[in-house]
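Okay, so subunit A shows up in both of these, paired with subunit B first and subunit C after.
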Partner chain A sequence: MTAAAPPQSSPSWRKGIIAYLMVAPPLLLMILLIFIPALQSTARTLTIDVNGEPGFSISRYTAFFQDPISVSNLFFTFQVTLITLAAIFILCFPLAIYLRFATGKLAGAVQVLALFPLFVPGIILAYALIRFLGTRGTLDNVLSIVGFTGYRTPYLKPDAIIFGLVWESIPFTVLVLTAGLRQISDSLIESARDVGANSWQIFWRIILPQIARPVLIVFSLNFLGIFGSYTIPYLLGPAAPQMMGVFMQQTFGQYRRPDDAETQAVITFIICAFIGFLYVRTVATQRKREESE
Partner chain B sequence: MSAQQLAVPPPPIDGFWSGTRRSFQTMIRRNGFGLIALVLLALVILGPLYSVVLWAFAERWQYPSLIPQVFGLSFWERTFARADIAEALPFSIVLAATVTLISAVICLPASYAFARMKFRGRQLLLLSFLATNAFPRFGLYISIAVIFFRLNLIGTLPGVILIQLVNTLLLMIWIPTAAFQGVDRSLEEAALDVGASPLRVFVQITLPMVMPALSAALLLTFVNTFYEAQGALVVGLPRIVTMPVLMYSLINSQLIVQYGAIVSLVLWAPSLILLILAQRLLRGGYLTAGFGV
Partner chain C sequence: MKLRLILLVVCIALLGALSVSAQDRTPIYVYTDSDTNISDFWTNTIIPAFEAEFPQYEVILTIVRGVGGGNADIANRALAAMTTGDDPQVDFFETMNTDAQQEWVDAELFLAVTEEMVPNLANVIPATNRLPQEMPYRGSQVLLAYNSDNVAAEDVPTTYAGLLEWIKNNPGQFVYNRPDKGGSGAAMVTRAIFEVTGQDPSKFVPGESDEALIAEFSKAWELLGSVHDSIYENGAYPAGNTPVLELLANGSVSMITAWSDQGLQAYNLGVLPETTRFAQLQDLPFTGGYAFSAIPSNSTNQEGALALANFLLSAEMQQAIVETIGGFPSVSWEMLPAELQSQYTSVITDTVPTWPGGAYGAAMVEGWYNNVATNIDPSS
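Up next is the complex of A and B:
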């Protein structure tokens, strides 16, 4: 019995191995299908040049940035992303504040509607928006009935992409922002008031820091989602310029130029790297804080 | 402090907070912010779905009538008589179920380990699954596709299953991990004390307590995978055609509007299940779990 005391470490060591074996399969899958493709693509864009010759070279990047179509597509993607993000915040902030304060049936109905897009898959949304926004679509129809005949459809224009992407982003954004605003209790404001803080200080020191993390999460995830989108821009957007997702798929699937598509993909990785890092860091610190509480 | 607060009713808060609150309350009352939000959201959110639903049951619908001239179901027969649709629909259901099952088999043991076992790097490895969200999605698909291209996995079932599995990891690990962490350990210990075997404790005590979260994770994974179109499009074509991928071509060659409308309605069924369970999913925080928040 006494001899059993020292090998205490052996079962826990074995337990550690078992734990690693249990987490290994999904981890391996993620490494194989996310980290390795991303790293390998990045490495290949630098070690295989634009003519397919091996050796260190940045010629694939210079080729991308010298091609006016590629550059205009990248610029267009940026433009759509930033405008869509601005529209999302302008729409969802008031909604979230309203849902934080209001109670009753009206607020309940607003919430149901704001969350509804969560239950409409992107591909169905695209079809629905064509029928809604298109020439002789529902909107055109209703407007002409009330006597407005100058309807110019946004379908196959950038506006339709923005409309669709905002539509998709409303529920997630409203959910996260409302949850963030709910964290701020009235009593916290009250005690700050007791120690003599003015309205401005309360806003900067209490409300803003409390809502900063939700805002960062919403910003980063929406940015990544829009920048990496395909279905909405492909089905609702113009043939040129294209968003990067559509451009990559065309390069890969239609023109059968996987190397060029790879370069395009890596350029989106590089642009989104900081945003992706911001997202992971924000969620990580949030979880750490929740666990310590 | 707290006794004092209990004894004396809290004094009315003045200044910024109550000011904001009051101004919002008056805004709601006077300007009807909620009412405006409700009407606008109803138009923008439900408007696009209006014509999809009507088109699915329309025999003849000519502009500029707001409703179809002739209702009927004859296009339903024609839709499902199409070989591509009749083939893709059952295939998509089986594929989504397969991916969900594989995901559960590899992720659930891992989530148990993350929740219950102590090992070095546990927190870091758990957070690493956020990487699935931290990339611009379509860029990542292209990067994966370039590797699959060289491995001859393009247009194959394993290729599609692999790319769809990646999307399921975060949800299938994070929801169950949180559930296993939330189980009251004292119940398990009590059962062990009265002589129940660890397996029996797991099946009869632990499992029932995590079951709601596990079924939510399974359901959400199934529905998300069923609608996953982009990965399947990049990797699956031309030989593997899922229902959402088929939707792309139905939308692009919209000679008969009804096909797209009917398929949209049929495809929407899994989302309807989520919608019915929405309140429970929302309360459990499951709907945003896929974003890492």
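Up next is the complex of A and C:
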């Protein structure tokens, strides 16, 4: 605030207008480019042509759920997403805890390594993984030098998708979890240790409840990214079953059935919107709590 | 001061001399939107050879690859110039689909070329199926590529049935890519369709969609499904031409389908091992296609453009297409040196089936995904 306009002399409605003006451009962009097209799409998938008049029908959705290939692709997408999420947590939790409590050069190096995937584009990663995981690839060669010859490549199988997606998600997950862990004060943990809590108890009763929110954020944002992923499943995954992103593109571009692709998109959108709602609620309750504190 | 004045005069005189010498040579404006291997081929091989033979012309190549609509945009510019009577500033399109837009056809934007205008057109093989406005000058066809260390020459299949048999007898040693992700895999699938519809590609007319013919595709799925488990990694299909070449290069598989130009160029560059050999099916070859050049009818240097077109179809340039870019000639192989013929004897064919795409393409891709790539029955 400048001296010319002291806060008390400016009426509150004017402040409100300025605030609204500032949020208007992104809000308009969201409404025009995301909400309205999404609503239009949803409406279109629910209408059929009845003697030239639009009528309500869920026939496109029943067709989707009656088609075993569509259903298997949706199920496959859920499967890959959930397994990938589990793997991300198993891998990133110890990493984040290590980075929170460790100091020194080694920790710095680990941090750089953990963030490295952030700077590698997905398509480069996919080709690197083909070289690394493929038959006669780096891993295969190293294993055969050690004397292990029974290597079966995950390339073009679901495992390769999970491998690629986990690798891609590490930096973001570690960043958010480490940030959450940093909010837990050292004194809290020290005092718990003073009263005789062991490491497991400290993790389970002190750390975990404190970082429930970052965990939920990591879960929901990673879920959205993985559920709608395209490049990695397209280049590393099998021809069938397919993840929804690849399936949609295929239905639209190759099978030339834009209507079905739209239905697939709306179903994917609804699932993601539900997870997005979880995320928004988490952030909103946090803000409310911070305000009340 | 005097010195500067002299220098200035010299400079002006030099510039004048240069521009005069440039004016002596009539420019031929060539546009291309093809891949780097093709534009490099023009810059390093075609243009120097042409200018040496026709010193009166200067070829100015403009590469519009990846810029908007590529050559189609330049064609539309030429169409606009035609309406206003201006110079289109283009004399030759390296590749052009002359009937891609109805306005082009209606306005007769492209010159119909005859053998009187381009004598070498007489040598072009009928399999290229050219429109009067089109001059096919290079082709590419899908071939079998194999590692001769693992496959003896006499065991290389010569028919499609033989190929399927070979795949079954050598599980895990063959791979092709998904039909929508690259033409080399698509050729494997379309060949199965040709196989079950009487080995007659002429049944498939572009722009049509014959339901009865599409209904017969199911027999092709049975054929391809019968070898599904014997494909690399029990039925793993890569997502592109290049990943398939890579699997052959690193020895994961012994035989693949590959585009002739991609395969031969990879071989010449040493990306594919020296033991790589190429073969073509003898009963009905895999699909292929040609690149067609075209001349806008309002070109201001039509004479030069026609000379260039004729030069491209000369035996010398057709040989360079085979040797430099691994392409196929659009003239009969008999026009080329005997030595080159014997080198390519296993892949030479004057039959180049084409796949129409369109509705047939959509049915082909969807049918393959739903019946070959997966074991889920879509009608269950």
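FYI, the second predicted complex is superposed on the first by the 227 of 293 C-alpha atoms of A that agree within 3 Å, B and C clash if a C-alpha of one lies under 4 Å from a C-alpha of the other, contacts with A are read in each partner's own complex, and residues count from 1 in each chain.
Rule of thumb we're sticking to: a residue touches a chain if its C-beta (ideal position, glycine included) is under 8 Å from a C-beta of that chain, and two chains touch if they have at least 3 such contacts.
Every value quoted in this text rests on a predicted model; they were computed, and no experiment measured them.
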Touching partner for A:L143 - first (subunit B), second (subunit C), both, neither: neither
Which of subunit B and subunit C A:L82 touches, first, second, both or neither: neither
Contacts of A:A43 with subunit B and subunit C, given as first, second, both or neither: neither
Chain touching more of subunit A, residue-wise (subunit B, subunit C): B
Touched partner set for A:A19, first subunit B, second subunit C, both or neither: first
Which superposed partner A:I130 touches (first subunit B, second subunit C, both, neither): both
Which superposed partner A:I90 touches (first subunit B, second subunit C, both, neither): neither
First (subunit B), second (subunit C), both or neither touched by A:S72: second
Which of subunit B and subunit C A:L235 touches, first, second, both or neither: both
Subunit A residues contacted in one complex by subunit B, in the other by subunit C: 130, 136-137, 234-235, 253
Footprint of subunit A on subunit C - complex, ascending: 178, 180, 233, 236-240, 243, 246-247, 250-252, 359, 362, 365-366, 369-370, 373-374, 376-378, 380
Footprint of subunit A on subunit B - complex, ascending: 10, 13-17, 19, 21, 24-25, 28, 33-35, 37-38, 41-42, 44-52, 55, 63-64, 66, 106-107, 109-110, 112-114, 117-120, 122, 125, 127-140, 142-147, 149, 162-163, 165-166, 169, 172-173, 227, 229-230, 233-234, 237, 244, 247-248, 250-252, 254, 257, 260-261, 264, 267-268, 271-272, 274-275, 278, 282, 287-288, 291-293
Residues of subunit A that touch subunit C when the two form their complex: 67-69, 72, 130, 134-137, 152-153, 155-157, 234-235, 238-241, 250, 253-256
In the complex, subunit A residues that touch subunit B: 12, 15-16, 18-20, 22-27, 29-30, 33-38, 40-41, 94-95, 97-98, 101-102, 106-107, 109-110, 113-133, 136-139, 141-142, 144-145, 167, 170, 172, 175-176, 186-187, 189-190, 193, 198-200, 202-203, 217, 221, 224-225, 227-231, 234-235, 244-245, 248-249, 252-253, 258-259, 261-262, 264-266, 268-269, 271-272, 276-277, 279-280, 283-284, 286-287
